[in-house]
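Take a look at the structures below.
Two complexes are shown next, each including subunit A; its partner changes from subunit B in the first to subunit C in the second.
Let's look at the complex of A and B:
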């Protein structure tokens, strides 16, 4: 698989570490979230068959976190964004 | 028909005309006591033990493809009981004991071959960890010995003992571990279940559940509705996709594991060997091919194929411990999709929906579990109580802060 890095261009997937579902960006506030919310955030996944948004870390590159949209049935990568941009668009400050 | 040497002789002398198919191909009935979704190793074993041990025979196994098309026919066939934690080890030892009597029990040659498994040690801390593991194994009634390099040299003279980075300092040796002919396990359980009255329905995908007043009363399939008092899901790498139809999200991600087979070689590897400083395991099949594998690819996938970086990584692992395999040519490779759970351990449990049961999360180690998984699931389905060796495999264990995390990696499925 080739990941089209927004800053560096096409990179081999082997340079990355996969963290998993991009919903992990939206961690509930630990001070206010209920144990149930925290449990669901930590342990439950949609595990979609088809288009899947996921966090990839460019460990052997520029160490940026990316949100990769990839089809889990075909391995086709359709979109790559900086996780920073995605998080900010969701209202996160950092 | 009972298989025996006498039967083979008789058939041989009479033109092999008397053999009958090992199982029927029945039409689905309108209703069963129990419908098992998924005709892999675990589903078929569940049906077999339900019929044989618990006397429940009004059972159907509903399979999307053909028998053995899933992971039961794709794995590297290693069996062992060398776990550390209390929630796991007694279960896997129970499984190994069932393997030991399996062929007599279901009257089928599954080629259970206890040639031993050797987990190599490459550092002092690793020896400490393996000694601890060996003690845990022995406490559960399993066998384990710590060997030094001289003893291993006698067994496997061709390993790279004095490798500068990964010298072989010893190994933990489980003589009762080994390999089993994977397809024959599916066929043996299928035949044993079928002859006790279980209907095996192939090419019959489950596409939904029959839900009435919040409880489950059957399945919708490609061949129509089949009602059941209990529905037992057992679909390995497809658990999330199937349970989604019941509105459930699971603590599981689907990942691909690849397996590799070399051309046939003369007998050289006595049992199973695993590399302790990377991820590589190898055994030799009866046809002579080296059967080996390593890490999962590491990204979510439902495609039954992997990518090249893992091929390279696995082959590097092999070269690091036995450089001789560099001369062998690779004959075949393939991938299988597995449930990777949040702690690397499985689930055998009732769901919160009445009538709906789940057996899932076997990661890359569910083949060795096949007999015990089937037995314990059958126990749960028949008695509504977990089997004594499977009490920890509950769906709510993360909520209770009771994960069974052998590797200590936390909720990161691709690291287990």
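Let's look at the complex of A and C:
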């Protein structure tokens, strides 16, 4: 599988490590969230057949975190973004 | 009691390897120092200015390095670059810090990496076996960080058939073996 890194161009998936569902970016504030919210964040994942967003870490490269959108049915990678851009777009400071 | 005086001098990581394989050469570059510079948050403009005044270097874009003589800046991460320069004494970090004047966070990487300069007519063929990046399409100064034979490595193109290869000093002998083996497969 080839991941088209937004800064570096196409790179082999062997350089990356997959780190799980992209929803992990949106961790609730542990001081104010209810136990149910924390439980859902920790344990519940969608098991999508189709378009799926995942965190990938470019360990053997520039150490950036990416959000990769891929199709679990066709293995097609449709979008690759820097995770920090996604987080900032969601209103996070970094 | 007799007074003992010792002068210690650093040994090259691979003993200063300098060998030919066919018409190709593998040389350990023990004369180069490495210092990584991280950009402070919102500090890219002032770091760019200090690179220009301190070394006459432009801030490199991803996938390319900016050279000035034997000094070179390589972008290693979105907010980090690696400065490669000739330096004979073990105080590279202090030298860089004094020129930066607080515009970047530095870490001395000199002893963490082994640096091989490889050159010769079969170099592209040897790297093709070893390196997942297509270095034949790199421009002069093109740079990338990747993995070779399971070892993290950096590759920088210096000329048509001349490259710098960097890998962890702790596995330097394995890395040299991988490079040598690859050259042997494509020569004779």
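General observations
The working rule: the second predicted complex is superposed on the first by the 94 of 94 C-alpha atoms of A that agree within 3 Å, B and C clash if a C-alpha of one lies under 4 Å from a C-alpha of the other, contacts with A are read in each partner's own complex, and residues count from 1 in each chain.
Rule of thumb we're sticking to: contacts are C-beta pairs under 8 Å (C-beta built on N, C-alpha and C of every residue); 3 or more make two chains touch, one makes a residue touch a chain.
Nothing here was measured: the structure is a model prediction, and the numbers come from that model.
Contacts of A:74 after superposition: subunit B is touched, whereas subunit C is not reached. Of the two partner chains placed by superposition, only subunit C is touched by A:82; subunit B is not.
After overlaying the two complexes on the shared chain, residue contacts for A:39 are found with subunit B alone; subunit C is out of touch. Which of subunit B and subunit C touches more residues of subunit A: that partner is B.
By the document's definition of touching, of the two partners only subunit B reaches A:13; subunit C does not. Of the two partner chains, neither subunit B nor subunit C is touched by A:31. In the superposition on chain A, subunit A positions 12, 14 are in contact with subunit B in one complex as well as with subunit C in the other. Subunit C makes touch with subunit A in their complex at residues 41, 62-63, 75-78, 132-133, 144-147, 152. Touching subunit A in their complex are the following residues of subunit B: 240-241, 249-254, 298-303, 307, 309, 342, 398-399, 411-414.
Residue ranges on subunit A touching subunit C, taken from their complex, read 7-9, 11-12, 14-15, 60-64, 82, 84, 94. Residues 1, 12-14, 17-21, 35, 39-40, 42-49, 52, 54, 70, 72-75 of subunit A are the ones that touch subunit B when the two sit in their complex.
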